[in-house]
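Step one of this worksheet: look at the structure below.
Order of writing sets the chain letters: A, B, C, D, E and F. Residues in each chain are counted from 1.
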Amino acid sequence: MKIQVINPNTSQSMTASIGRAARAVARPDTEIIPCCPDAGPESIEGHFDEAIAAVGVLEEVRKGVAAGYDAHIIACFGDPGLLAARELARGPVIGIAEAAFHVASLICTRFAVVTTLTRTRIIAEHLLRNYGMTEHCTSVRCVDVPVLELESMGEQALAERIAEQAMQARDNEGAGAIILGCGGMADLPGLVSELMGLPVVDGVAAAVKLAEALGELGLATSKHGDLAFPLAKSFTGRFAHFGR
Amino acid sequence: MKIQVINPNTSQSMTASIGRAARAVARPDTEIIPCCPDAGPESIEGHFDEAIAAVGVLEEVRKGVAAGYDAHIIACFGDPGLLAARELARGPVIGIAEAAFHVASLICTRFAVVTTLTRTRIIAEHLLRNYGMTEHCTSVRCVDVPVLELESMGEQALAERIAEQAMQARDNEGAGAIILGCGGMADLPGLVSELMGLPVVDGVAAAVKLAEALGELGLATSKHGDLAFPLAKSFTGRFAHFGR
Amino acid sequence: MKIQVINPNTSQSMTASIGRAARAVARPDTEIIPCCPDAGPESIEGHFDEAIAAVGVLEEVRKGVAAGYDAHIIACFGDPGLLAARELARGPVIGIAEAAFHVASLICTRFAVVTTLTRTRIIAEHLLRNYGMTEHCTSVRCVDVPVLELESMGEQALAERIAEQAMQARDNEGAGAIILGCGGMADLPGLVSELMGLPVVDGVAAAVKLAEALGELGLATSKHGDLAFPLAKSFTGRFAHFGR
Amino acid sequence: MKIQVINPNTSQSMTASIGRAARAVARPDTEIIPCCPDAGPESIEGHFDEAIAAVGVLEEVRKGVAAGYDAHIIACFGDPGLLAARELARGPVIGIAEAAFHVASLICTRFAVVTTLTRTRIIAEHLLRNYGMTEHCTSVRCVDVPVLELESMGEQALAERIAEQAMQARDNEGAGAIILGCGGMADLPGLVSELMGLPVVDGVAAAVKLAEALGELGLATSKHGDLAFPLAKSFTGRFAHFGR
Amino acid sequence: MKIQVINPNTSQSMTASIGRAARAVARPDTEIIPCCPDAGPESIEGHFDEAIAAVGVLEEVRKGVAAGYDAHIIACFGDPGLLAARELARGPVIGIAEAAFHVASLICTRFAVVTTLTRTRIIAEHLLRNYGMTEHCTSVRCVDVPVLELESMGEQALAERIAEQAMQARDNEGAGAIILGCGGMADLPGLVSELMGLPVVDGVAAAVKLAEALGELGLATSKHGDLAFPLAKSFTGRFAHFGR
Amino acid sequence: MKIQVINPNTSQSMTASIGRAARAVARPDTEIIPCCPDAGPESIEGHFDEAIAAVGVLEEVRKGVAAGYDAHIIACFGDPGLLAARELARGPVIGIAEAAFHVASLICTRFAVVTTLTRTRIIAEHLLRNYGMTEHCTSVRCVDVPVLELESMGEQALAERIAEQAMQARDNEGAGAIILGCGGMADLPGLVSELMGLPVVDGVAAAVKLAEALGELGLATSKHGDLAFPLAKSFTGRFAHFGR
């Protein structure tokens, strides 16, 4: 099985780290193909970044479909372009936020999310609502570290910052598990879990396993209704290649 | 006051018709600047079309901000790129779906939406939920005419098709007003209302009046929190101009 | 266009101040007719005050309809008698709470309300739910100043008290705009906004612009269904004039 | 225990019939005091009728409190003036709609409501939402008989009309019990239940038993917070007697 | 009328105390039959305890039906086995949590629950959601006293602990009444109410009065649909007596 | 990895068929251990059957934990005893209803459920609400075949009956995928999907893959909070073995 893992931003080091996290949990016979768009923002920290990044995601999905990949993962916690990507794809498409929410809901009655910037909290809150998960989440918490500084900060320091928020969710709100709310935190679940004792769910790893699961179940995106292939039509300008 | 009215698809005739509908309700001292993206789909009939069109919307908003326009309207019923556009803009940004929902909720307790394709119904339903309007809507109904055939069909025939659905919503579901769920229907509210007696709300016109209202109230997009200007960062490739 | 602005309580000075706020934003060709009931409470600070005040509102709407006014505004933050007034009226009827909610939702993803007494907070919370706006509001906050003391307190002192709550909503809850939750605060949006930097929405001003907008759109209360004119029937006693 | 049963409309025959239904289920040591306002609509069939009737209800509650009655029932299915009446009262105040909803939810997982006019359906739907009962109700159905014709129609004919709707709710929607949605149907639960086999809940009877229950539990309206006695203040005109 | 009051745990002293609380509010002609299962946990403090206790409840209901009891009360705040018990019973079955919620919602707009262990808070929160009462509850608070230590702690000390939480709900959240969230607190409403001034609702007492009310209304569990008697079938092993 | 697949009813043939379905999708290195309780109902068709079956599930989980199994699946569409089982277990516990909901939500925007008896529809509807999936489901549909007749009916005939409902959900409600709502339908997804073209999700297979996924992610039930091991205490009678 070939799973395309798309980092929606253009950071090469984050693409590498996401690929590493994906491979770490993939089965031996699963091939992980990490990639990121040619064009777009180097990090995603708001509605605007996300809207532009969605196009890059769709370009990558399009290439991935042409290359015959079996499944596609969108490895940014806002799941940018998810429904649009499902229209393009024949196989399953999984967002890391939805993957993390579903998996976390299987191991606790309430989870908390720890993400990067306060500014992006509302993106996670909108996703929780869209996916029906609002009641399963005690809070979305922020470490207020910009995405591009996650790496330079050092794993230990970052894990401690995350664990601090996680412990507040655990002790004050009764959270039973923690979701890491950024693709750039994909290396950290073990470290954070060690620091504060709760199970920690990383969406990249969760998405890989869900994609494998769907593949082995023989299930793919429904091509009936609103996720059918896009209606053929003209596109103009730099998007002309999407057209009929 | 200068209001940029952005048709998110690339159809010139629809841009013209939307501009006409906007001017028909604008005040004498309001200048309407209709436009559409250089690049993108010629019609928007699904999640994919919408994701691509959002970039065109953002390009236009960017130009509109540079040109000093006071407000921006996104004239496609899926409100593509709305929150992202608000980050870019200094003035207000209004989507025609949200405009129609808000206005309709002021004149009846429950409205119905009549849109184009069954395939896109879920887009309207998601917006209703996101805006808190689900309970104010009796149903989203479809005439199943592709967007690009709306014009060729003839106004009278199209109005009758819409009125047929509207009457079912009125008689079976108690809808007190009808929302036209497509920018390409902006010329029709009068005709449809005549045919079945309920008030009919077109989002383009509604958005123009809300934009004028916000302007005169001295209110603009909040620049505190998630709608602040996008964080400065690098963008690569064909999106490099969005970067720092 | 003639807009009747009804202060539901019987305070003359508040009626004057509400009229002033309405005129300040009305267009040159809009005539503002401020009024208040002959009979009822001098301030509205609870469910009981509101129920009695609703009758005064309806008497005024009835007079306003007879006088040929084009629209009616209910200028108390509980929107007392709103749906009943819509039955009576031919033109639009707008409550200042709903006006403020709708307008605020166009300029931020989450707003906060600052109102007078803790006791009346639940009235605002019920309205948020009824209008579908609960998720768009971070909190309803109170300055705990009785309505009739708002004036004597002095504008500066009151604005500071409101700004204090607003800043907590901004910094702790991520509110992007503030709604002033009392008709008696209609003079203050500028002052409060200056003190803490967020856009501030006053419902009186918002309602005037929405009423003008509806008027120019040719939209009025739907007379189909539950907002049709009241069924003709006998009324007895002091309400006999409402009867057939 | 003295329970004041307030018919919010001014129909003497309906007041009598409501009193009869209340007495039929009251305990021997419970005194039922049926009454109706001096002034107001002869039937309640819309938001406007309800707003006016609420004042009559409050006048009666005020008298009832002065007379030392132990509890107060508002015997119109819209529960007009309920929260306001609770401010006035020391003892419990029960609306017949809420009473019926609570009682029905104890004997089935989903109930249906059968009321009079389609026009008033939204009033019941709003109450279901306000009381948290929306999910427990399969539908609100209407026989489309005006309130004042309920009596002239004849009990058998009316019961058959109601049973017809009830059977549809039972067979198509899985309703397990039926609520009679009008004070003017208080004589009919036995007849309707016989006709279609489901338990039938009349709100008047239900409210009497809940009032007795609260009385024997020593529970009364909380006087802390928004249901505390109204703040003392001036009322003008014909409402001056409500003032300080 | 004979009301079976089932303590779902096997503690004799708690069964006695629940019986005492039930008798204290029952009418002279109501016979209270307190009982508890032969087999099961001595206290209920989690999902597991509750699932096992449900079987004991069902065994008791079965005996109670055979003995001709008119109604059945499940006297644990998780309402274990409620819908299953309704299938078995001909008369009404009332859980003490639902009884408390319904009764409290009649005397205030928002109540708080004070229960035993933080661990069980989610059980109350799930019930609030299932019964549609989430919005009527400000919070579920815990004294963190194990169920079996409630008695040994002494009534005064326990009441003070509860009152402390209740006062926080009253002052910080606007709760207008307090619900005691454990059958083992059934003796305490008077004491707690005295300590902090709000009405206090005990579910055991509330359930007795609701059972009497339903009895006098001639209402019993609907035997149409999902609460009809269980379909006849084989049961094996120690549950064989439940079978055909 | 050893996965215990618990059929909550006592039917040996259904246990075998569920085991077969589980093995069909399990990985080569996954061992499937199908089992069913010693005691309980031979089929589960209501709240009562489910409450009794939950105890059997818990007995099996207990044995499974003692035997060192790595994960536990509850293979009845009501997920009986799910949260209680999670308290007992160290590894993950998955219900087939939740598994099916989560998986289906990854491949379509709205799914439909086809289950056995109309009587049990509410059980599925309650689960949808509890898991936050109500908005993702167009309807729960029933073939009205008793569980024990599923086998005797013949696979082809049953698949056709299910497909008939599925096609209505697809064509009238826009369902993009179908969930089989009974453990006894675990052999049928291929057949049903062939008959009407939508992806078909069987919960048994879905649960196996989710259990494997959690195992490989190193995630297990959170032992913090309400899913911690049951508090040690005495159990009496036939449940004494559960005690301290």
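Keep in mind that, in the parts below, a contact is a pair of C-beta atoms (placed from the backbone, for glycine too) under 8 Å apart; a residue touches a chain by one contact, two chains touch by 3 or more.
Everything numeric here is computed off the predicted structure, so don't read it as measured data.
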Checklist entry - So which chains count as neighbours of both chain A and chain E? => result C, F
Checklist entry - Going only through chains that touch each other, what is the minimum step count from chain A to chain F? => result 1
Next on the checklist: Can you report the angle of the rotation that maps chain B onto chain C, using C-alpha atoms only, to the nearest 5 degrees?
Outcome noted: 180
Checklist entry - Copies chain D, chain E: same or different interface, half of numbers shared as the threshold? => result same
Checklist entry - How many angstrom lie between the CA centroids of chain B and chain F, rounded to a whole number? => result 44
Checklist entry - Between chain A and chain B, what's the gap in Å when you average each chain's C-alpha atoms? => result 30
Checklist entry - So, what's the distance in Å between the C-alpha centres of chain E and chain B? => result 52
Checklist outcome for this item: Note: chain C residues in touch with at least two other chains are 83, 109-110, 121-122, 129, 135, 174, 225-227
Checklist entry - Is the way these chains touch best called a line, a ring, a star, complete, or other? => result other
Item to check | All pairs of touching chains, each written as two labels joined by a dash | outcome: A-B, A-C, A-E, A-F, B-C, B-D, B-F, C-D, C-E, D-E, D-F, E-F
Next on the checklist: Touching residues of chain E toward chain F in the complex: what are they?
Outcome noted: 10, 37-43, 45-52, 54-55, 58, 81, 83-84, 86-88, 119-123, 126, 129-130, 146, 148, 225-228, 230-231, 233-240, 242-243
Checklist entry - Which of the residues in chain F come into contact with chain D in the complex? => result 118, 121-122, 129
Checklist entry - Can you name the residues of chain C that touch chain A in the complex? => result 109-110, 135, 174
Checklist entry - Mind pulling up the chain F residues that touch chain A in the complex? => result 25, 27, 83, 86, 92, 94, 98, 102-103, 105-110, 131-136, 170, 174-177, 197-199, 201, 205-206, 209-210, 212-214, 216-217, 219-222, 224-227
